[in-house]
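Attaching a single structure in structure tokens format; questions to follow.
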Amino acid sequence: MSEGMGRGRLEAFSDGVIAIIITIMVLELKVPHNADFAALKPVLPVFLSYVLSFIYVGIYWNNHHHMLNMTQHISGAVMWANLHLLFWLSLIPFTTAWMGENHFEAAPTALYGWVLLMAAIAYWLLERTIARMQGDDSPLAAAIGRDIKGKISPVLYAAGIASAWVEPRIAGAIYVLVALMWLIPDRRIERRLRH
Amino acid sequence: MSEGMGRGRLEAFSDGVIAIIITIMVLELKVPHNADFAALKPVLPVFLSYVLSFIYVGIYWNNHHHMLNMTQHISGAVMWANLHLLFWLSLIPFTTAWMGENHFEAAPTALYGWVLLMAAIAYWLLERTIARMQGDDSPLAAAIGRDIKGKISPVLYAAGIASAWVEPRIAGAIYVLVALMWLIPDRRIERRLRH
Amino acid sequence: MSEGMGRGRLEAFSDGVIAIIITIMVLELKVPHNADFAALKPVLPVFLSYVLSFIYVGIYWNNHHHMLNMTQHISGAVMWANLHLLFWLSLIPFTTAWMGENHFEAAPTALYGWVLLMAAIAYWLLERTIARMQGDDSPLAAAIGRDIKGKISPVLYAAGIASAWVEPRIAGAIYVLVALMWLIPDRRIERRLRH
Amino acid sequence: MSEGMGRGRLEAFSDGVIAIIITIMVLELKVPHNADFAALKPVLPVFLSYVLSFIYVGIYWNNHHHMLNMTQHISGAVMWANLHLLFWLSLIPFTTAWMGENHFEAAPTALYGWVLLMAAIAYWLLERTIARMQGDDSPLAAAIGRDIKGKISPVLYAAGIASAWVEPRIAGAIYVLVALMWLIPDRRIERRLRH
């Protein structure tokens, strides 16, 4: 738990955990016993929730990479904030399968959003922990200040969780919307980094 | 999502995902309850499809490595094109098990080819994305122009999918053929690279 | 089995194994068939034991990282002492699931503590093996001398195993206590390393 | 498939696959439904075969590391010889579980030895492929000439396979013997490498 830890091994470990999370989700696609396409029908909702979760985990991997690029040293607090984020991400395969196998019913759809919300909070905590270690004039602290997506996402997840009890399809649409929001490249940041 | 991302972590993450894909397929080889060799008989078609998929994933890992060797920087678009490829590869364990457990019947054999086709298209998209970033006079753009195997493969996969409905064994033979085509080393390229 | 092995690949391999251990535990969270929150009730004890084990594996990864930071070369003996540690850690998913699925009954709770005890002993053996290779005046040998947590933990695990037969909740409380003890950062060491 | 590939990514990929193989074996330790130690009894033979296979995979990881340390460049042939070795290693979780769940009966014990034999042959092929690339006066070619363990092991595996049909316990004893033979450090080589 020293300030002297480099970021290399933290990245490698996080990459390993995220790679496993994104891949073991596919194990929840249970192989049907029949050999016609009709047998795939019950797999379809699990597949759709797999696609959504694959994109979410991909977004987290991408953002995680960029955030760590802005730091050199890792304190014990950063390490545990990172493990805390990985913990919530590791629950995504479970909530994905529960939501998919129950055809996007209220409770599983709400829980799916809740784990996304907790992951977003964990990500924000990790970001704050790194920024605090670096001081208020660090580039990361400035980036957090401008991070509009990061501030809107938790609000949208909460809206998704609430609307799951009214109509799960609204919740699903909100989760897709947040994913799309993150998928669209942030031209301003890319330009800034190029200079 | 910056142009400033190095290729190291993209390679490490892709390696992790591909290593997991190639290994979890073996979990579909269900351990038989009896202790004689006759009990292995139902495992045999799953084993054969495992061998074929192992070779395919190995080919993708190999080609992926060489393609990334030709680039230094990774843009957000490249990162998502890469995740898109990993997505289709991650479905191979599912289609492998479905095809194997149903003894190469029409629908599973067609779906197996379809996932291979989508992976080939995703690979081509990734290649184009990197080449566009580098400009038309890049070594990668030149390599794509000469890439005959990459152009024939999708046509053969499509032929495999179509023939699965007539006689799945023809489809299987075509998939084996494409794998062999990629396994045979490309002496011309090796020679070129040595100079 | 040479003294000439660098520590990089040992770290990478250990990271891979630990990342898989920490992630496959989540596969024991069996997806319930019903879609209401009541269906999650039987998953809850498995979830709680998952949280505890996640923290334990995180602690081991963290400490493992710091210990290896104090060495440059790896002998054959170190490599096997490291594999021995990974072996006991690899049993944590099994004992976690057994304890969780049986609602913290005596035998599973005792076995859970026993695997923690064996992992602690394996960690101590690895530490001793590296220190012996480096000589008695090495920084690691000095660190072991001061390592109070490392000396108390096995005693507490043994107390946990014994008390599981009287009241498993006492054992559970002890395991949580040991985890908390390790989670609290060791300010003295961090300060020392900063200088 | 170029001679220009560095060995770093081959090592990283192999480490990933071997780390997954050594860890997913533990998933075959099926969690018993009862909470007393008697419920662990059927798990015991699976556990014992897990211990043996863990050691074997550890030995392969160790030897693989040392062999690759003696080479800098990787040809297409080396890459496929390496994937061929990983293929046979990937079957160890299956044969381990089949042997363990059937209490070391004849057929599973023979198949277990057969996969070990194929892995040994694949290892030898990989070694020869690297040595051929480097030329007959390479240090690796010299090391192969002196490699007595590598020459005895396949003979012992074959003896194990044959004796499994007479008395599986003899086969088991032979597999344990080969593992011990590899575990004992090779002082001569360590000394040579130190100079």
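What to note about this one:
A, B, C and D label the chains in the order they appear, each numbered from 1.
Here, a residue touches a chain if its C-beta (ideal position, glycine included) is under 8 Å from a C-beta of that chain, and two chains touch if they have at least 3 such contacts.
It should be emphasised that the depicted structure is a prediction, and the values quoted were computed from it without experimental measurement.
The chains that touch chain B as well as chain C are A, D. Taken over every residue number at the interface, the positions common to chain A and chain C amount to under half, indicating a different-residue contact.
Relative to chain A, the chain whose mean Cα position lies farthest away is D. A turn of 90° superposes the CA atoms of chain B on those of chain D, with the angle given to the nearest 5. Rounded to whole angstrom, the centroid-to-centroid distance between chain A and chain B, based on C-alpha atoms, equals 26 Å.
We define each chain's centre as the mean of its Cα atoms; on that basis chain A and chain D are separated by 37 Å. The set of chain B residues touching two or more other chains comprises 12, 16, 20, 24, 27. The residues of chain D lying in touch with chain B in their complex are 1-5, 9, 12-13, 16-17, 20-21, 24, 27-28, 75-77, 79-80, 83, 86-87, 90-91, 93-94, 97-98, 101-102, 105-108, 111. The touching residues of chain A, counted against chain B in their complex, run 11-12, 15-16, 18-20, 22-24, 26-27, 29, 31-37, 39-40, 51, 54, 58, 61-62, 65-66, 69, 183, 185-186, 189-190, 193-194.
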